[in-house]
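For reference, the structure I am asking about is given below.
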Amino acid sequence: MIRIGLFGAGRIGQIHARAVSAMDKVEIVAIHDPRDEAAAYIQALTGARRATLLEIVDDPQIDAVIIASPTDQHAEQILEAAQGGKHIFCEKPIDLNLAKVRECVAAVEKAGVKMMIGFNRRFDTNFDAVKRNIKNGEVGEVELVQITSRDPSAPPLDYLKSSGGIFIDMMIHDFDMARYVLDDEIVEVFATGSVLTDPEISKIGDLDTATATLRSASGKIVTITNSRRASYGYDQRVEVHGSKGMVRANNLRGTAVTLANKQGYRSDPLLDFFMERYALAYKAELQTFCRLVAGQDEAYPNQIDGLKAMELATAAAESFKKGRAIKIGK
Amino acid sequence: MIRIGLFGAGRIGQIHARAVSAMDKVEIVAIHDPRDEAAAYIQALTGARRATLLEIVDDPQIDAVIIASPTDQHAEQILEAAQGGKHIFCEKPIDLNLAKVRECVAAVEKAGVKMMIGFNRRFDTNFDAVKRNIKNGEVGEVELVQITSRDPSAPPLDYLKSSGGIFIDMMIHDFDMARYVLDDEIVEVFATGSVLTDPEISKIGDLDTATATLRSASGKIVTITNSRRASYGYDQRVEVHGSKGMVRANNLRGTAVTLANKQGYRSDPLLDFFMERYALAYKAELQTFCRLVAGQDEAYPNQIDGLKAMELATAAAESFKKGRAIKIGK
Amino acid sequence: MIRIGLFGAGRIGQIHARAVSAMDKVEIVAIHDPRDEAAAYIQALTGARRATLLEIVDDPQIDAVIIASPTDQHAEQILEAAQGGKHIFCEKPIDLNLAKVRECVAAVEKAGVKMMIGFNRRFDTNFDAVKRNIKNGEVGEVELVQITSRDPSAPPLDYLKSSGGIFIDMMIHDFDMARYVLDDEIVEVFATGSVLTDPEISKIGDLDTATATLRSASGKIVTITNSRRASYGYDQRVEVHGSKGMVRANNLRGTAVTLANKQGYRSDPLLDFFMERYALAYKAELQTFCRLVAGQDEAYPNQIDGLKAMELATAAAESFKKGRAIKIGK
Amino acid sequence: MIRIGLFGAGRIGQIHARAVSAMDKVEIVAIHDPRDEAAAYIQALTGARRATLLEIVDDPQIDAVIIASPTDQHAEQILEAAQGGKHIFCEKPIDLNLAKVRECVAAVEKAGVKMMIGFNRRFDTNFDAVKRNIKNGEVGEVELVQITSRDPSAPPLDYLKSSGGIFIDMMIHDFDMARYVLDDEIVEVFATGSVLTDPEISKIGDLDTATATLRSASGKIVTITNSRRASYGYDQRVEVHGSKGMVRANNLRGTAVTLANKQGYRSDPLLDFFMERYALAYKAELQTFCRLVAGQDEAYPNQIDGLKAMELATAAAESFKKGRAIKIGK
């Protein structure tokens, strides 16, 4: 039996708790969240006890922690959990500050615990099939990758204020996806963006529409576009073009129904948001983490993937400010 | 708490048992199946006790039964369950013999219990959306319905021998679908068929390729085609054409991925078989039954729907033999 | 230089005249049509002289005739042209009366002239690709064919009155398509239909919605559905299912543009009608006829194809009246 | 009757000559090309006489010229034609040198002749429908545009050497497309690229894979990706995302046929190359030019569009060299 301590009883903490509840031989035994109501939901769902950070990391019965707390708590929880010898699942980003991310990665590696980062898209059937086609050689040498991510609408301004900005909060998933499909390290980032959906976003120094262009060591190119508004649902596409072919993950819809009339042929808008779109991916992700804790797998994606994506996001933000391409790893 | 007795621990019995296990306030308390191993699986899954037919129908703690046994046991189990005052969920067909079906329907109605028939496709999101588009008037007056059902491959010959033939075993779902989308009773059936996939099917007097044409009281027309072989997966489509438009439920695939190369654009074959294709429909179906037992819903589809589909299937078999259209309800 | 006499200056005569005008080494030298204005259009377009039936068939300079006159003139024109030694292109149907069709076929064969029937769909790129996939073995042994033809709206009642009814006027194309893709003769036809779009159609004894089921000598099955109303354009599909795969010709649209918004994803309705949908097919058809006249090709589809399609159409009409399947060729 | 002098009897000159041949009231009366065989083809097709540059621009019978010669001859021909008072259709780019382009534009405007640039994609039905959807308000305020252009394979190295490089030779069409759909001027360009298909392209200082990011005055963003290799055909897509919806022009294929089997569903690769893909667009473009010469239309796209696209292409090349965004119009 694997015993897990959960940090954070919010939306994403609940998703993970439900995923764990449906699995055999793993249970959430402790929940750490200052909010009584949220914590109570997890307790009712899992039978976990409520606990402080230290009670969890010091409990020798607990094998691992899931960190689904607000980003500004991640670093402390990672450092304590690593010191306590717990394996760690942590939501992205590790921290908004790149130096702090590096400190966490170092601590995890020093402690010899395993760490996995919540890049849930790697566990989506569709993106997985894209990757498999590349591995199988169907695409040949990858040349050009196009990643599109559009949210139906922006999160609340209060969330955005402490989110680190669109490159760290939203595009970080796409940076990880780029690395996932490329199998080649990024050496240069150019990014730009605008505020087109809501002037309030401008006031807090963030963007709602953004794009980045990446170059890999071997000259492969990736373009990423992000928007915080999409009238037709949650738009998540990846297209990989190579010497022998092109593979593309299209979007998912609620039904496979088409209506035809004088106006034309109409099919459903896209699945509405990330919880619906990635419902199965979240489950697969937690299953991988549990296999990892059980010693059956390598951590995937691990702390290095978390760090690299954060380096790209930070470089993108810098590129936007300076109006020029930023070299990575210098 | 709703308490259910389950008849039949085979493939479909297991599907229903797992669906019930995932629900709140309902449990399978007794399993009736002569096969030890199959019964043991259900017992382990649900904690049900093993029981005889009479032990189940006489147990005052039991509210309802799910009949997932071989077809030749349905009638006896229905008659006993009705007499015992249990609500009944029964897999299709009620019985291979139309007179027997009528006897069961009469018994159920006399006993005043509720009965629901396992026409799982009515609970599929896609066919449901087709129906909703019709109800909303998007299609106008329905004129022409095309139903396509193709299985990846034929069941074992032993199964086919006691299946009642393709019209009763396979096309019965399509007859129900026709009635579901039409909202008009069928008055005439013409059917024909062939053996094209396996000559053995001919030897047992069955068909593997079949088609039926139905006319409704108001002149609407339905064509149904069935095949026991489809190289590209489980093909299940409905297209409804009316005065204002056309609505169509297309098939489902494993991924939304496309690969393009010199040979063209390629997407996945279809989901492989009914358990995968209708996984969610089976759950929704059992939830409806549980609401029915709890008194919150009308039985849907009920014993009359079971009888009507069986009348159409029987007429189709007769039409094929006689080479002419058969009037219904005369 | 091939010299052609044209019978009929109406819509379809004009299509053929324009096709011929764009070709090298072939010209329309005479037009026979009692309507001055229509004939004048052809004269202006082609430089043809106006002529009587006999002037055309007796002119030793004329190699071939195109018969695009009303159906009730076809037989006389065919008989005269055959006697005059002219090769013949004739629009479908050869005649409404099956005995008369047989007389024409006999006359053509006796005269040793070549005859081609205007089954334009055989020259469509899409149906041609369907056929090619079958020939290449991609489909394996053909088992089941589904043909859908829906016109945007019914022709004027006056046209319908002398059209021979939906089986001869409209479904004849689908009977030919069935034979085209099957490569096997039809031995049995069942057909039925309704009047659902306009009660006036009922008064003249015709149908607007119809379906036929065909069986071939080797047990292959074809279903055809026809409607005189389709809100979303001219719907022309063929789907061929076989032991190894399925091939399908989908419809054509004006653009490849998709609009996505809250209501979903919308693409164009279908191309509006036969002249637009089959524009290129009509040209290819006439080019084949000219190669035929030049002695470079076998007639394709020839008078036998015209006769066979007519036999099926006649049997379908009889089946509808009698409510039973009709054997062919007995 | 409009009389046209044609400069250049190569591939694109022939396309225009054939387009003109099919039109009424317009003829090509003179052809200027040093290559005897190429010129002879045009003469045979159109009846044009062979002529020098000056013979054409000095001929008072000639209304307009079509410039389809190699790029390094454009400027001289434009300047002479403008001075001769001829209306001008010129293939893109006007010249490889931006100062020279400005000189040509000034000369055209001084002379008061009309000039149209061969941005053929503006005349494609699909891109036209994209534009119409934007104008109709279906997309709302445009926010993000994604343009994809992939050629099946690179032109010969000899062509590439004098082509001006990928930004001027290939991406210039996409810069014009960006301006076409945006209705807002571009103020900033960032571009990068690689050589991934053929190292020889690197030796001549060109790229085969390139991307550009544009920002408009109001903050709208455009990403363009180009590749000189696409195994699946000629890939030409535009996607425009706005506040109310998204509109997309997908690609065109040879047929609407799908083949399904164990491997999945397969449709045709894309139309092979620009002459096939834009066959109708080239005709529409020349018709517009002829209406322009007849005084019925404004030039569209005109010399300013040619200049602006060239400014963007030049800026892109500079951005790639400097690794930073380049401001436009400063």
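So that you can tell them apart, the chains are marked A, B, C and D in the order they are listed, and the count of residues begins at 1 in each.
Going forward, contacts are C-beta pairs under 8 Å (C-beta built on N, C-alpha and C of every residue); 3 or more make two chains touch, one makes a residue touch a chain.
The structure displayed is predicted, hence computed values, not measured ones.
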Most remote chain, CA-based centroid, reference being chain B: D
Contact-richer chain pair [A-C vs A-D]: A-D
CA centroid of chain A to CA centroid of chain C, Å: 58
Between chain D and chain A, distance of the C-alpha-averaged centres to the nearest whole Å: 41
Chain C, residues touching no fewer than two other chains: 231-232, 244-246, 260-262
Chain D partner contacts - residues on chain C that touch it in the complex: 125-126, 129-130, 133, 138-139, 244-252, 254-262
Chain D-touching residues of chain A, taken from the complex the two chains share: 140-141, 143-144, 146, 148, 150, 188, 190, 192-197, 209-211, 213, 215, 219-221, 223, 225, 227, 229-232, 235, 241, 243-246, 323-325
For the chain A and chain C complex, residues of the former touching the latter: 231-232, 260-269
